[in-house]
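Pasting in a structure now, in structure tokens, and then I'll have a few things to ask.
For reference, chains read A, B, C, D, E, F, G and H in written order, and residue numbers begin at 1 within each chain.
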Amino acid sequence: MLEEVLLAGFGGQGILSAGMLLAQAGMAHGLHVAWIPSYGPEMRGGTANCGVTLSDRPISCPLVTEPTTLLAMNQPSLDKFAPKVKPGGLIIYNSSLARWDGELGLGRRLLGLDATAQAEAIGNVRVAVNVLVGAFIALTQIIPLERVKEALRVVLPPHRHHLIAANEKALEVGASLALAKVGEGIALR
Amino acid sequence: MPRVLMKGNEAFGEGAIRAGCRYFFGYPITPQSELPHYLARRLPEVGGVYLQAESEVAAINMVYGAAAAGARVMTSSSSPGISLMQEGISYLAGAELPCVIVNVMRGGPGLGNIAPAQSDYFQAVKGGGHGDYRLLCLAPSSVQEILDLMGLAFDLADKYRNPVMVLGDGILGQMMEPVELPPYSGELELPPKPWATTGTAGRGTRNIINSLYIEPEELEAVNLRLRAKYQRMEEEEKRWETYLLEEAELVLVAFGTMARVARAAVERLREEGIAAGLIRPITLYPFPDAPFHAAFSRARAFLVVEMNLGQMVEDVRLTVEGRCPVHFYGRTGGVVPTVAEVVNFAKEVWQKL
Amino acid sequence: MRVLFERTRGLTSKPFHYCPGCTHGIIHRLVAEVLVELDVLEKTVGVCPVGCAVFAYEYFNCDMIEAAHGRAPAVATGVKRVLPDRVVFTYQGDGDLAAIGTAEIVHAAARGEKITTIFVNNAVYGMTGGQMAPTTLLGQKTTTTPFGRRAEEAGYPLRVAEMLATIEGAAYVARVAVNSPKNVIQAKRVIRRAFEVQLANLGFSLVEVLSTCPTNWGMNPPEALRWLEEKMIPVYPLGEFKVPREEREHA
Amino acid sequence: MVFDRERCKGCELCVTVCPRKILTLSPDLNSLGFHPAMITDASRCTGCCFCALMCPDVVITVLREEGEDAARADEG
Amino acid sequence: MRVLFERTRGLTSKPFHYCPGCTHGIIHRLVAEVLVELDVLEKTVGVCPVGCAVFAYEYFNCDMIEAAHGRAPAVATGVKRVLPDRVVFTYQGDGDLAAIGTAEIVHAAARGEKITTIFVNNAVYGMTGGQMAPTTLLGQKTTTTPFGRRAEEAGYPLRVAEMLATIEGAAYVARVAVNSPKNVIQAKRVIRRAFEVQLANLGFSLVEVLSTCPTNWGMNPPEALRWLEEKMIPVYPLGEFKVPREEREHA
Amino acid sequence: MPRVLMKGNEAFGEGAIRAGCRYFFGYPITPQSELPHYLARRLPEVGGVYLQAESEVAAINMVYGAAAAGARVMTSSSSPGISLMQEGISYLAGAELPCVIVNVMRGGPGLGNIAPAQSDYFQAVKGGGHGDYRLLCLAPSSVQEILDLMGLAFDLADKYRNPVMVLGDGILGQMMEPVELPPYSGELELPPKPWATTGTAGRGTRNIINSLYIEPEELEAVNLRLRAKYQRMEEEEKRWETYLLEEAELVLVAFGTMARVARAAVERLREEGIAAGLIRPITLYPFPDAPFHAAFSRARAFLVVEMNLGQMVEDVRLTVEGRCPVHFYGRTGGVVPTVAEVVNFAKEVWQKL
Amino acid sequence: MVFDRERCKGCELCVTVCPRKILTLSPDLNSLGFHPAMITDASRCTGCCFCALMCPDVVITVLREEGEDAARADEG
Amino acid sequence: MLEEVLLAGFGGQGILSAGMLLAQAGMAHGLHVAWIPSYGPEMRGGTANCGVTLSDRPISCPLVTEPTTLLAMNQPSLDKFAPKVKPGGLIIYNSSLARWDGELGLGRRLLGLDATAQAEAIGNVRVAVNVLVGAFIALTQIIPLERVKEALRVVLPPHRHHLIAANEKALEVGASLALAKVGEGIALR
């Protein structure tokens, strides 16, 4: 079992923390994990991304060059990374800020969730990325959602702990939206 | 043992603190900046000093001063910054001062880029500075090993009164992995350094830290004493790890980040029925020859894989000495060879055997 | 239609990679406009720093050289000695010029090297993630002064313009800021003078420009302008610290 | 006024310095993901160019109809 | 018998290797006497330069470190941060401090590093055969300015004390000379103050000492004293350029 | 041809002038200071510029600027100063700028001393700076050859757009020997450098000198282009001299000053009936392998003699690849092996064969 | 006055600064090959120590008989 | 034929130039020559020395570690280098400034000439070293004295050419004194 997740979006969207959340939860769940950010001048461009590897075996290379899953929080990220997703891989994107009209091919599956809108509804636009994380957890079942919620306590610094509830909510919303879409029989394109 | 998720760059720092290092002098550079960021917070907590130097040249000379004063001290940088330290490193070796230098390597030459690379191997193991000196050089390949080898690095530096270089790369520095972190136990009892320049009070005699010996015979004697140290390192300090080497006919050789890719490649090759194995040097100097000698009986070829255009491969060739073909596969400029690439290249080598 | 303001041909069409609201962009524009207005763009060779302005060679519409971190004045010296009739400038940040490049800038000034330096003081290392610079203010939090810069450990802000003004070979040394339209207009006037000093072969000229780094200051761009005004200018007063001798005599 | 929308990073420096307060960020995003600046009431623009002077990304071109300046001066 | 003057125990018995009449020897003696008189010799760590004073570790009767050329202030910083209660000084020539070591001295001053620097300005590179130093006078002939130093190519003499006095962390900066008994007495007083500033934890202190190099100036030692007096002091005026803040307020 | 007595350090300078070099940036250091002294007088005579930099770091970056501006330019230093130039050298290689760097080696490590040595061989040929670059490296062994190789150095630098290192040592720099000096003929016609940053006037397009390639694939492409250059050097530029190699059973290998001692040793060994010969590499990178291949048929052992503790011997071992024993004799710290020492060691090797 | 002859390098700085002009170089050489300094008329020495202050090689020790200073002062 | 001459003395005695004179004359005479000075901090000690190799075959190592001839202009040089002279070698020293009382052994030959006094008589104390050079030439006959005189024109810078006569005189005096001493049958100790 090997999941190589690429999370990507704008600088302020909490991409790196969301990746750490996944890694922390994976570790707590007994998986081998690795997290690696994009770093350096790319940040000037206002984009951020990170790769998270979750595996039941020791991880050789932590670089995520061909993700099995892409969580894309904005249009540039979706455009740039969707073509790099492995055949049969999963793409979950923030349909509040991005659209995908073209074909994907190679059996890749695509799911759009209005993460930003959902986060605004929850009351904190910064938790939007966890809507996608929740969806990823629900669709892959790689880690119990509870583990991910517990990991919030470790990953968020103490002065951010008042945001735990909003983040948990985002995870739940993402999970249920994803399951609903799949349950509704909406084929993941 | 509690496991925590830790960034490689932070593990360099925490490993140093747990080794009793209380002084850091350095100059920021990507991809190692989280190391100074971490120590800028952490050192004051343990009564240490974080000082941002005006340059890498100043940093390495501050290290020289702190080491002369008897402290466990370190600096860290990335490729261009390490190049700037070469004069200082030669001085540290010449004056026999212990310290630890971390190089989180990036793409070169010149400004290059900030992506991971291993193209400073020659500089680290052959002496990038002037003179007949050597650095003891350690190459961790996971965040856990970074933490562990930092302790070893400081111990070896003191044991040999020699600078120790720890080679990482952008991936090792930037990635987070779980590490086992025993509770922090505070100050260590470190062996005394009667040679340190701390003032003559209570000692009577003067201590001098120096690398100038105007008479060639004297300087040669110093160099021979250094060489005796290096020979002792060669006898006592070689470290390596092997994987499936016993039955291996195709032996991959890789260090650091590359060794992880190579290990996965070995697994994949085994799955495909090719008797592959891996030698992972942990000390790059002294270079571990024993596993090669162990491999000769079965090995039909060696395949060295590096994130450069062929550097460690020379030490492998010097070790193998023509007994067996030595092949090389490398990517450079910050490109990391994938497992698939290594497997494909290995298969080509295998088919031609 | 009359054009009151348009993009100068001193810049290429390449969009800047700087963060939103980063005033590096304003300074680029001013330098480019001055080179065009003095009609020297075609005979100019610029030298980029290592710092956020590392890609300046993609923006200035003239021949450009990427220098090693801190060494732009030495590189510019090499160029100017080979091509004394060209206009040569360096564009450097405060890490580049005031930390690692201290010796090079002091000695370019001491030699009276006929080059112009645009020195962008944003009180921080922008490119590498917001570490302390020699120009970081006391109390200012950075990634390497997490509790605020304390003089006791980390020393005092370095006043580069004042320091270089003591050097005989420095013909023109001034400090400007780009935090308001008024200051931007003044900054351009001063940058122009600096290049004129070079063209008149009077010696070394340097303009220190106070600039923002919203990203690493942890502010939005308008707040950063205000922080520059309220916090930086009191420590780094604006003005001309050295003018060519002839002018001093007429003063 | 012409805004090169795709270059704009929505930094609001122009918005902040416009003495007439006639600049604002557009609600939609450009392809960089920023809300580009726009002018709300071009007729009130004095052509002072403060916005253009402060724009770090050289997004703004300021144009005047001939003879417009005088017409606006009395607003000042 | 009363002893009016005798060799200080701050010096070892090793004869100096300096050329006849080289005033490095006088400066060594003054520093050694001050360390003894302040009763700090046993807790002092000195840092030698690369230059004619490279063997200073054989002469000062305290723990000594030989630093790389120009880097003594960085080395001293390393020592002082580890041993804040020790007295740490550097002894540096004008090539060492004002050329290759410019960044290190400027930033030791900027940090207000609690060390004392004895800066020996002899207007030339003594050890390597009389090349131009940053402090070489205009018109002065050296092996690398065979036709005399011309500002046009080789720039202007660098006034180190004046430059460093602009730096906030520099608590005490003064210039003295050792060309006459009167100046030697004054030099000692100033060197003592510099060490007192360190002992009082007030910040960085530096004494620039004008010194002779009869060998490379091509003069006999008495002529060299006169040349220092007539040629150097007008360019490098003696005096205190910076005194600790408290004293300034009482002034 | 008129013969004049000339100092090695001056020959470096005069050779440069005759190669059309008009710009020198450097910082004084023993034992090469007569080179800047000479050029400080000589360059103004030919309309050139001598500039004493504030440090070796500044000097190498001034060289970078002057080379970018299209000039033939050089610097020179000795071991510690060359260590300080490593970042700059890596930048020059990365930005593909031609220049000549002279290292008149002295004893190391650290401050060491000012006596002659060859202990910066690794630094020169393996890349003392960061990244996968190479310097073309020439090793003259007489004052006449210094003069001749300086011309070659500038030509090769331009041919390959790569820095060229010329390695001397304290003896070569300080000694005087007769040289043939044709009358000075003034300016050379040098090939144009359309890539130089001289201002866009008359060109239209912008020239950029740079070594930053943020995308790993781009930086790798640059590195592969550099490697192609190095491979061309390996094909076209290897230079060496042999002495009595045809029948040699004991082959001495030495460069620079040591090669002269070794040559005398070979003569003495021949007198004593031992079939000795000599390979003298003139290019240290690319390392000349052809004479070794020519020697294998008869050679029973190689004896590498260096003024260090064993550096070029690694390149010899890499070339010989175990076909034949490779012995080493070296002195370091500024001690120069005498002919008698080399002869005695060679005899020991011979007796054990 | 005591001169540590073997340390003296004959630089004549002491000779130059002695207000009484009672110092000179000895005609013979010390083992360093220098003409060491010597005092010609110790009785005229004022004990001003100028010679010792200027001696770069710390060659000179200045001694006084007790009560000698006063006796000399009138010479001044 | 191989002469390895070491010239040594105080800094101001023209030692290095005298060595160059020998090398220049040797070259003009068709010999292989090499000249190498002591360099660096030694100069601070006030001493100078240089080695000159004169040979009819290409010169391997120009360092003079075991001189065949020592020309010593002062006591420290004589004391330091006399023991290093090759067995059977020649030592000519300046008896105005140096004495040799001990034994030498190894068949080395010793000749003292009052070079400084002779130079004072000639009227220029700086030509003293050439008294020893003249003696060396006369005793070894390795180069005709005329060649050495001609070499003065090359070695002395133009502004020193007025000193040529004094230098020639010194060479001649040295040569005739040496021949006289040998002629007088005074064994070279």
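The rule is short, and it goes like this: a residue touches a chain if its C-beta (ideal position, glycine included) is under 8 Å from a C-beta of that chain, and two chains touch if they have at least 3 such contacts.
All figures in this text were calculated on a predicted structure; none of them were measured in a lab.
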Please give the intersection of the contact partners of chain D with those of chain E. C
Smallest count of steps, each to a touching chain, taking chain F to chain G: 2
If you tally the C-beta contacts, which comes out ahead, B-C or A-D? B-C
For chain A versus chain C, what separation do you get between their C-alpha means, in angstrom? 41
In angstrom, rounded to a whole number, how far apart do the mean CA points of chain C and chain D lie? 27
Mind pulling the residue numbers of chain A that touch at least two other chains? 40-41, 46
Show the residues in chain G shared as contacts by 2 or more other chains, in ascending order. 9, 34
Check each residue of chain E and list the ones that touch at least two other chains. 18-20, 54-55, 66, 68, 99-100, 102-103, 106-107, 127, 134, 154
Show me the residue ranges of chain F that touch chain E in the complex, using the header's touch definition. 27-30, 33, 36-37, 40-41, 44, 49-52, 54-56, 80, 110-111
Interface with chain C, chain E side, in the complex: residues 99-103, 106-107, 110-113, 134, 151-152, 154-159, 162-163, 165-169
Provide the residue numbers of chain D that touch chain A in the complex, in ascending order. 9, 29, 31-34
If we count contacts the way the header does, which residues on chain G are in touch with chain E in the complex? 4, 6-7, 9-13, 15-17, 34, 47-50, 52-58, 60-66
Going by the contact rule at the top, pick out the chain F residues touching chain C in the complex. 23, 25, 49, 51, 53-55, 57-59, 61-71, 73, 87-88, 91, 95, 197-201, 206-212
